[in-house]
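Across the two complexes that follow, chain A remains constant while its partner is chain B and subsequently chain C.
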Partner chain A sequence: MSTRSRTRALLDDVSLTSDRLRTIGLYAALYGTAFLFMLPYWYMFATSFMTRDLVYAEVPHLIPWDLTFYWYEYLLNNSLIVQWTANTVILAGITTLVVILIDAMIAYSLTRLDWPGRRAIFAIIVASFMVPGIVNLVPVYIIVSELGLVNSVWGVVLPSAANPLGVFMLVQFFKDIPEELEEAARLDGFSRLRVFTHIVLPLMRSALAALGLFIFIWTWNAFVWPLLIFQDDSMYTLPIGLVTLQDNLGITEPGVIMTSAVVASVPLLLVFLVMQKPLVRAVEMQGTTK
Partner chain B sequence: MGQANRQRDANANGSTLVDLSKSSTREWIAGSAFALPYLLIAGTFLFGPLLLALYMSLYDWNALDPAQSQFLGLENYRILLSDPDFWNALWNTVYFVVLTVPPIVVGSLLLALGVNREVRGQWLLRTVFFSPYVLTVAVVGLLWTELFNASGLVSYYLGGGNWLTSHDLAMPAIAIATIWWQLAFNFIILLAARQNVSDRLYEAAKLDGASSWRMMRDITIPQMQNPLVFVVIVTFVNSFQVFGQPFIMTDGGPSFSTTTIVLYLYDTAFTGRQFGYAAAVGYVLFMILIAVSATSYYFLGGDD
Partner chain C sequence: MTSITGLASLAGCTGYIGASRDGVEYWTLFGGGDGTVMAAIVDEINAGDSYDGLQINRQRVPWEEHYGRLYTSMVGGNPPDIAVMHSRMMRDYQDSLVSVTDEIGTEPYLDEMAQGGVVDGEQLAVPIDTHPFGLYYNKEIFEEAGLDPEDPPNTPDRFAEVADTIVENTDYWALDFPEGEYAAETMQMLLHSRGGQLLTDDYEPAFETDDGLAVVREMHDWVHEREWAPVDPTNGWDAWNRGEVGMKIEGTWHITVVREAGFEFGLTEPFVMPDADDPVTVGDSHMLIIPQSDDRNRERLEETIETVRLLSQRFNDQWGYDAGHLPASEVALNSDTLRESDTWEQTLETFYGMVEEEQVVRPPATPNVEEYTEQIYQPLDDMRAGNLTPEEVIETAAGGVTQTFERR
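Right after this comes the complex of A and B.
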């Protein structure tokens, strides 16, 4: 408020005061950085619509003077990209549902039900937040292969299903559910399960949605684990498919690579534009997690 | 709201009192039943493996027939400490951490403070800086591989030929791609933290005639201490575990100059099939991360 009115007042002032210089500097720095941030995106989109001549031109082009959908057709006809997209949606969907369900269940149990050892268990879950996933890379792979889950969706879903961050986030929210609501329902003869499905879950819709959005994006983008578990190219998710494209086609085609990058990122960029608020919220919740 | 509610509460307490003794066992059962799915999965894929990794690191692990594994004691750890490839990977990782953590932390702080001012197009700026957050490392890696190519944008305007095949420029190239990608998360955390600092503090300081530099030093930074410590530790832990970017952009080359510790672990395990040794590498990495997180937490002094 005050800055804006001051800026306006300064714009009327002809002389370059130090405040005005500072405002100009601020805008130049912010928008300059924003421009640099956007360049890679622009390059990715522009290249995906360029003709082969432009892609291979001596001087790198930033504007596709000759528009073509050649690379998109090429990708459709020469790769499993449609299958990979479907796989990614399925994997991210299943993981999101599983994580929300089991995280919400334990968060409910830890905040609402009284049983011995629950405090200790909550402390252990919070501590496990500090374990870097990479330490478990080898032993979890051994366990997954012992269970015969290599090359199966569950081999990726289960290892990422126990998500301490999700539990921690939900516990903060479940604490705020008024006790009276639950007691009233219990008096009406609701079982614990019914209280959970009919009262707790609906009440926590927005927190669950924020967590779900976060898990969905996280799984969509996951790299190490799908890379290890999916060994069949018909099982690949988009990130894995993209990286193997080069080898499978036997050639490096910048047009194909950039087009596949567009296909892999546009769905999430759209989700991001539409649902920025809950996503910002999910990230902010992590900031207060400590 | 008061009267009726209190009345009902009183009733509720009265009637639950009767079956309280009976329901407490039931509550135990219900409580553990709700916790069970998570605990089973976490036990199998999180806590169990942590112990298994420790166990494996004491063996020359035979993946085909674990019963045939040979007990080595601490031999894997001893070999590791005198393994030049391990040290090379560790130093590369430290170099990467030095190249990425300061720019990511300082950059995200500056952007957050800048966007927090009432600038025109605040929404647009926030969207732009946050957007790389939703990209997969595969897209980031492939996109920047093209940009750093001999005929790519960066080399064309800044020179340096193909950065990714240059011994000196490959790691900085990976660092630049990482900074572009990872700034987003910190930016959002710090923007929220800055918005939580009370305006009154600044108004009071202004009345005292404090310069903006002093307000930054004496109000903004101290008020944002906890989120800043959080951001430093998270960025450090992420950078130390870097894998996807070098895996995609350079595959550890040229001549192992971008082989980071996780890339080394991955290769030892899944190419070299030395699972016991790789588990030991994982544990050493774990210890380093805990030690550094604890130290920075101690020195940067996040309260409670």
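Right after this comes the complex of A and C.
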């Protein structure tokens, strides 16, 4: 093949057919949209490293040309941010585990055990979705206060233990587990508790991981209830602590706001990345069953 | 289960399980500059030997959540020993507060401020300051515009003249003023200067008048007719911090911000409303209250009252020279440390002058303060954004205020 014909063949390979043009357009649109979604996060991240002059500059900067760690130093030196981070991890961790355990037991009992009124109880749980949480704020606070749980981590964990979202979600998953599996285990002499812990829970790993992730994120971001219960600066969680740093008679410092947003969101991002696989698997499971 | 036990143990080790604490529980809403000062004052009391081992557990509550949380804790029977409260909020809480008429009294404080805590002859709150609005100005921009930086405008005519000069001779904005609840307070300040008021004694809107319309139109014209101030308050705030705004209406607390901004600044009276016979500024007070509690014994109450005394008297001058608020205590106001401080020279002398001339008006203490204020500032903010005319602002705000109190 001559050089000329080889060149023509190469050009034919890269010629822009309508299909290829459509693909390029599609990718450009998708990446462009993804970029737009990323932009606020990038701005948050970049601003946390900008000097005060850049933060207040007339034209917004996307690149911190003049790099500084001032806002991070400010947060570390003027707040209990390390303590707040530890508190948030502990609170979110305990709440997640308690919710998974309690909700799994409730859901199992509602789907597999035969007891009078279970349909009514399930209906009440589902109906409780319709009641805005803020309506229960004062009554639940009074109960928690009477129990002496104000200023205690259990005052935050226990009211959310029987989470209607979790129960509803797990009931749907439990319904999809073949009853024959349990019957076989019971023929082998398994007790009800052993069936639950050794057969059902392992089969539900993806669903429990998905629920755990939701609860962890929800607890991590919880604001009003922990604020009511924790009556000590050193017990605050990250969202509360960072807000106390941000506002002062309406005065806000963008550098502090953006840096605190980075600090509050990076751990969650890491958790999401770690838990991504089971979350996707749970969604697939739910999507492929009847 | 093992994981829960592990996390619970970790919580216990880090002290995160929580427990009731010894000492006086004190909830503040101060953040930023004045939050640091209040923290330092409390730390000094806690560390000192001269206060009989008094321990104060100060807790900073986020500004927006302070009153909701305080209300819930009082309803739930778990209130703090002391909380900070604005005098305008007293009405909603007055039935649940401990009277300190005999233990503290109003004598140690400037009468105008002390009266903000008195309801039906009972002293239910003790003032620590007043924090009125002033007119901050950028001396560097004044010089650039050919104005005398030591001769700030303290009459409406001079204000208009200076604003026009800045706009004509420089590339900067002449003015910025607050949004949100402080926009409503700015309106109140201008209205009072013309002899009007926001509410009647029966909580009816009192601004549907010629004066009310003139005030709102003036705020409209600052932005949309004379173009002294930017449409977007955020742009105004950023520009002020960059040193690109000539004047700004702000409160006592702003001194910590403007010091950080780094330009030469001054302060004068915010007498900017044309045809105002009695120009005034508006200034609320931070008060200390003691919520009623069945759990508080006599000894704890005495410690609580001693704490109120220390914060509102012994350490009140520090609250002035470090945090920038005008102290409420007569002794603190006359202390050499305060009078010789930079803060006195830069701002407090002017604020005190307005107090002495009876030019500071306290916002009215009413029920539903946050709700009715919102009904006023939302249309004001909309007008600044260019969405409402002054007439529509008056109509919308009056309707909203009426509804707020009718619902009650």
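Structural remarks
In this text, the second predicted complex is superposed on the first by the 215 of 290 C-alpha atoms of A that agree within 3 Å, B and C clash if a C-alpha of one lies under 4 Å from a C-alpha of the other, contacts with A are read in each partner's own complex, and residues count from 1 in each chain.
Rule of thumb we're sticking to: a contact is a pair of C-beta atoms (placed from the backbone, for glycine too) under 8 Å apart; a residue touches a chain by one contact, two chains touch by 3 or more.
Since this is a predicted model, take the numbers as computed values, not measurements.
Set side by side, chain B and chain C differ in how many residues of chain A they touch, and the one touching more is B.
Once the two complexes are overlaid on the shared chain, A:94 sits against chain C while remaining clear of chain B. Of the two partner chains placed by superposition, chain B and chain C are both touched by A:228.
Once the two complexes are overlaid on the shared chain, A:86 sits against chain C while remaining clear of chain B.
Judged by the touch definition given at the top, the superposed model places A:188 against neither chain B nor chain C.
Using the contact criterion defined above for the overlaid structures, shared-chain residue A:125 touches chain B, although it does not reach chain C. Contacts of A:138 after superposition on the shared chain: both chain B and chain C are touched. When both complexes are aligned on chain A by C-alpha atoms, chain A residues 58, 101, 137-138, 141-142, 224, 228, 240, 243 touch chain B in the first and chain C in the second. Chain C contributes residues 1, 3-4, 7-8, 10-11, 14-21, 25, 30-36, 57-65, 68-69, 72-73, 75-78, 80, 178, 180-182, 238-239, 241-242, 244, 251, 253-254, 257 to its touches with chain A in the complex. Within the complex formed with chain B, the chain A residues making contact are 1, 3-4, 26-27, 29-31, 33-34, 37-41, 43-44, 47, 58-60, 62, 101-103, 105-106, 108-110, 113-116, 118, 121, 124-125, 128, 130-143, 158-159, 161-162, 164, 167, 180, 183-184, 186-187, 192, 196, 217, 220-224, 228, 238-240, 242-243, 254, 257-258, 260-261, 264-265, 268-269, 271-273, 276, 279-280, 283-284, 286-287, 289-290. Residues of chain A touching chain C in their complex: 53, 56-58, 78, 83, 86-87, 90-91, 93-94, 97-98, 101, 137-138, 141-142, 144-146, 150-155, 224, 227-228, 230-235, 240, 243-251, 253.
Listed in rising order, the residues of chain B touching chain A in the complex are 5, 8-9, 12, 15-16, 24, 27-28, 30-35, 37-39, 41-42, 44-50, 52-53, 56, 63, 66, 111, 114-115, 117-121, 124-125, 127-139, 141-147, 149, 151-153, 156, 180, 185, 188-189, 192-193, 226-227, 229-231, 237, 241, 243-244, 248, 262, 265-266, 269-270, 275, 278-279, 282-283, 285-286, 289-290, 293, 302.
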